[in-house]
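Consider the two complexes below, in which chain A is the common component and chain B and chain C are the respective partners.
Up next is the complex of A and B:
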């Protein structure tokens, strides 16, 4: 092994690196916590933890500067540091078995958090009593959907994620006899009815309900209890020219319809959906408060779970701290609409790595208990052997 | 001399403990103590009237830090001093008198101007009677309505004061309508009349509805009574009427007004309401014999169907009166000074006295915590207040262990300091009202409260203890010559050992929290402020351990890191709670935030002190 390689190895094996990385991660967590006041928890996760560098834009420009190592970088270095320390530095002995356990648990935890970061999907399912749904909806992402409803037996759906709808972009899909051009995209906007007053800018929209509506762009919101409502103006272009420009927003209550080429179409911007091979019906939602207070005591949703093949048809109860785990998904009692006591909001999560934290928890706990137990026993035995001398 | 001092100290401690154990005494001929132990349901929990009296007064009087002794004082206009239960009795049964007692705190000068009041007109320059603010009620309501749309975090000091005052007045008025109708001259007589004429009045109303001739007077009475009871049912604060189905039916408690409205179905005035009306009549009429007799009969009746509620309420009222945490706090202070003194003189004897004092204080505080757990039916930590108690419990528990092994009074000094500090913090947190609160649905899980919350808070306690031991090292080393090498080594070993425990607890606690989050929200880790706070403590303890193992720090470095652990823990404990408030509110600094800043600065000063070159330390100097 030559000197450069050895120095390289020593750098990655050293405890000094461990301490530096730990202190840096502490700084990262601290800064991210403070920044939640401005950005909210989702943006903070993307900026600080699910990134290699924390970027900072030079004020007045759009030039990002990496100012601090991000979560992936620090986590990755810690992992390398830990693994190489165990390969090169640690002597395997019973006295160190606890540390080995703790560190293995920690590696699992880091890997698990990384997996969660890239694999976890979070959706919501809002149900009124009696309503049945076989899909959940994203509460952060939207999609443009174009449905061919000509055949009454089924709808042919083309869905485009919101992220592709930047101003000026054009899309072509083999199932669609027209191109979809985004003329304008507002990440957040409010809608109001046009009063027909003079002096208003004419709407970009030429078809559907759009010409009667004004969309006013708003700054993005990061507040926990608010969401962004995007508005998009899309123009559909057939071979013989434009079909019109539509204003689309998830705030519009119903899809807009039109006919073209002998087919009936529907057009909407809606919360991104994830369809399931089963459906849930809300039978009963209950919500109690403590007597004489507004403090919620419990919420629970009684649901009926059915699959189209009829193999599953049963009632389930979801309540606080008791989710339903089914088909790789977990349904949690998340919330309800306070204006109406007969509706529930379930959080629907797919996280294939959910078992890893449990495993690593057991390993780390066991490891710490073993390690400190060994220390403590040694300490007590030593004091027993030598009668206490006045300090 | 030695023996005399030891004896005096022990006797002093005994006297303190004995004093707190003395049973509560009635201030006069009325059995106020017995009344204060009657059960009512308020804020979701069955509690004695004693707790209602104390916590309502805490809220209404807005006790501030500097005049805690004065502000609990209630004076009648003829300068007679009342205890909280006498005050409550007057509010419930002699509302017109109670309106003249100066209890409602108003501190904001703009608000005083709005109400046309001057500071000098108030008791202790800040407390006013209901009679004094009554004329401005409409204006207070108007201002509160103007404030309503403003988010709580960004309200100005004036707006906060308005909302606080309005809610205090509402509480006060609701209390007045709890057991009798406050506008009735003789409620007991009115109830008897209502009972006796009920049949005739109902007949009259039926006849009126059927279009037949009827007794207009009787029908009118019935309608008036109905309206009066309806008012009481809507605003009455105390759910004083126990469930018909007995103790198990926790949702069956209702207020006097609701129980009176039931009379229209049952034809019988509820006996509980009647008993309270009787108590009220004799209290207002100054008839102690009647009051005590009714109370005795009523309690004898209650105990048949509600033995557990009565037993718990009696215990809770006793607990309120004993103030075990105050006694423990005094003992901790005493022990702290005895232990410090033992470093100068008579180390063996005074050291032992300090140890016993700490043990006594710890046992008393522990008994207090256990009593709270029994009353609430919950694990020890359920809110910020109880977390302060538990941090003290853990830290002092460790100190007792250290002292048992090392016998050098360091454990006792640390115990005295932390025990006192945590109880003081708890005292300030208790000023918000009743500290036995109901748990929100998401927290309503005894299993997770007992595992996750308890271990995390135990981690706080251990981290603080390590930091406090490090403070002892620094202070003794820099300012005295008493830190010799063996003591320094012993302290270093203690800090290291405690940091090990702190790591263990905070890591397990944090991971358990993740599992709880996975169970109830579907993600193991959400990077939310409270989670991050716990994580930072874990990381910091890991930093200390790795820095020591890697030889990056020696003794003094270890001490500095441990002191910094205090800052980290304080931030996780209180700082993250302020994120929505302290850092975000404009121009208005929460007092907690201020204290946190001061604490951080003080710890930073100690770290700076520890970094003085060794020649400037008084200990370790080469001869």
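Up next is the complex of A and C:
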């Protein structure tokens, strides 16, 4: 073993590292808990736990500085530390089989959390009775979509995640005969109609509905029951020059359309979509409340699941604690629109690592039982071995 | 020198953290007819595919009730009205002109007052949009006369409708009125459980009598 490898091994096997990592983890959880007041649960998860470093932007700039190890880094190092300790430090014996089980369960928990963090997708699918959808929508992320709607059978979609829509950014996509330039982006804004009053700033928008609307930037909200409504002004630039600047917002109830280059186009800023290779139709939504209250007693959705190839065409019932699991996705009965009794909202989750936490809990419980059992047996045997003293 | 490998490891992890980036995607999606509201607003639109076609089913509203979604409101001075005491005012949101909760025997109904420039696609498109919200089949243009009641009061021309969907376990009803004012169209929509809306209908009609046009400048 050369020096470099030994240095790595000593670093990772060290018990000091374990202690440092645990202390840092406590600090991370503490800071994240305090910051939840400012950022809300989603942003805190992303900033502190689903990251390698906690980043801090230098005031007045967009330059992020890593200021503290994030959840992935601490969890990853803890995992490597634990595995290394088992390889190089711990002695394997039957008497410590319980500890081995507990540690293996812990490793699985760390791996499971990492997989959940990077692979889990959480969307929602809102359906009215009779409506069919083959996509779910994000409730936190939006996307700019430019659809070529010329073909009567399908739409060609170019989707740009909201994260790329920073002011001044430009995009040239091979499927688009024009460049898309973000002239202004507000992460949260309210819309109101222009009154035509004197002194009103002219709109950046020159096409579509935008010239009639004023967008007023608002501070970002992190409350769980509120959402941010972004607004973006995008200019489309063809070889001949500008085609116009559009104001786009998920608050606008309909996409905006235009014709260019013999094609029909549609523009919108909408909730990010995830398309599925199957469709769900809401046949019936049932919603009962406890008598005299608005508290939901139970609510359920009878759905029809169909695949384009006809292999699947069946009815399914989704209700509280009875999700539909299909094609690696889980559909939970999540909510409904209080103003519309014929509407259901399903939470759509993809989590390939969903079994690991259960497995790890079972292993850790078993490990603790085994370890305590071994000690208990040893203790009992020791007591039996003591000769009875004569009366 | 002893710490160089460890530092290298930390640097590589830092770089790894920058690997998760949002990407532009492109794909082919099945044809989708967008919600017809409000075609009149898309002034630059020349795409016939997105315009509502009389006689075609109105696509159901998406998960959040589109009629409740904040939308651009009309220009010009606002209408004025006096709301009944039993209606609970709500925050109108960014684009509603007025918003009330109307309590009733089978749950609350929602009264929304919105306004849009132009005719917002015409009477038929708007009525079919409302019908779609309570899972009713769209009307054909020939049905307009029988489905609407026209009312003149306070110098305003109201188009009144009353739609009820009895097919569901909890029947839903919309009693609504449209009125053109100064090149814009105003919508007064009472929507909710059938018993509540039915009970509130006389109050709603009385309420409409209080709606007044802006005073001439």
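By our rule, the second predicted complex is superposed on the first by the 335 of 391 C-alpha atoms of A that agree within 3 Å, B and C clash if a C-alpha of one lies under 4 Å from a C-alpha of the other, contacts with A are read in each partner's own complex, and residues count from 1 in each chain.
Convention: contacts are C-beta pairs under 8 Å (C-beta built on N, C-alpha and C of every residue); 3 or more make two chains touch, one makes a residue touch a chain.
Fair warning: this is a prediction, and the values are worked out from it, not measured in the lab.
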First, second, both or neither for A:100, with chain B first and chain C second: neither
Partner chain in contact with A:30 - chain B first, chain C second, else both or neither: first
First (chain B), second (chain C), both or neither touched by A:369: first
First, second, both or neither for A:361, with chain B first and chain C second: first
Touched partner set for A:111, first chain B, second chain C, both or neither: neither
Which of chain B and chain C A:334 touches, first, second, both or neither: first
Partner chain in contact with A:83 - chain B first, chain C second, else both or neither: neither
Contacts of A:208 with chain B and chain C, given as first, second, both or neither: second
Contacts of A:122 with chain B and chain C, given as first, second, both or neither: first
List of chain C residues in touch with chain A within their complex: 2, 5-6, 9, 13-14, 16-17, 20, 22-32, 34-39, 41-47, 49-50, 59-66, 68-75, 94-95, 110, 117, 133-135, 168-170, 172, 191-193
Sites on chain A touched by chain C in the complex: 4, 7-8, 11, 51-53, 66, 70, 72-73, 76, 118, 124-131, 134-135, 137, 147, 149, 152-164, 171, 173, 175, 190-196, 207-209, 212-213, 244, 251-259, 264-266, 275, 286-287, 337, 339-343, 345
Of chain A, residues touching chain B in the complex: 14-16, 18-19, 22-23, 25-26, 29-30, 32-34, 36-37, 41, 44-45, 49, 109, 112-113, 116, 120, 122, 290-293, 295-299, 320-323, 330, 332-334, 347-349, 351, 354, 357-358, 360-361, 364-365, 368-369, 372, 375-376, 379, 383, 388, 390-391
Sites on chain B touched by chain A in the complex: 41-45, 239, 250-251, 253, 347, 405-408, 437-438, 440-442, 444-445, 448, 486-487, 490, 497, 500-501, 503-504, 507-508, 511-512, 514-516, 518-529, 532-533, 535-536, 539-540, 542-543, 546-547, 549-550, 552, 568, 576, 579-580, 583-584
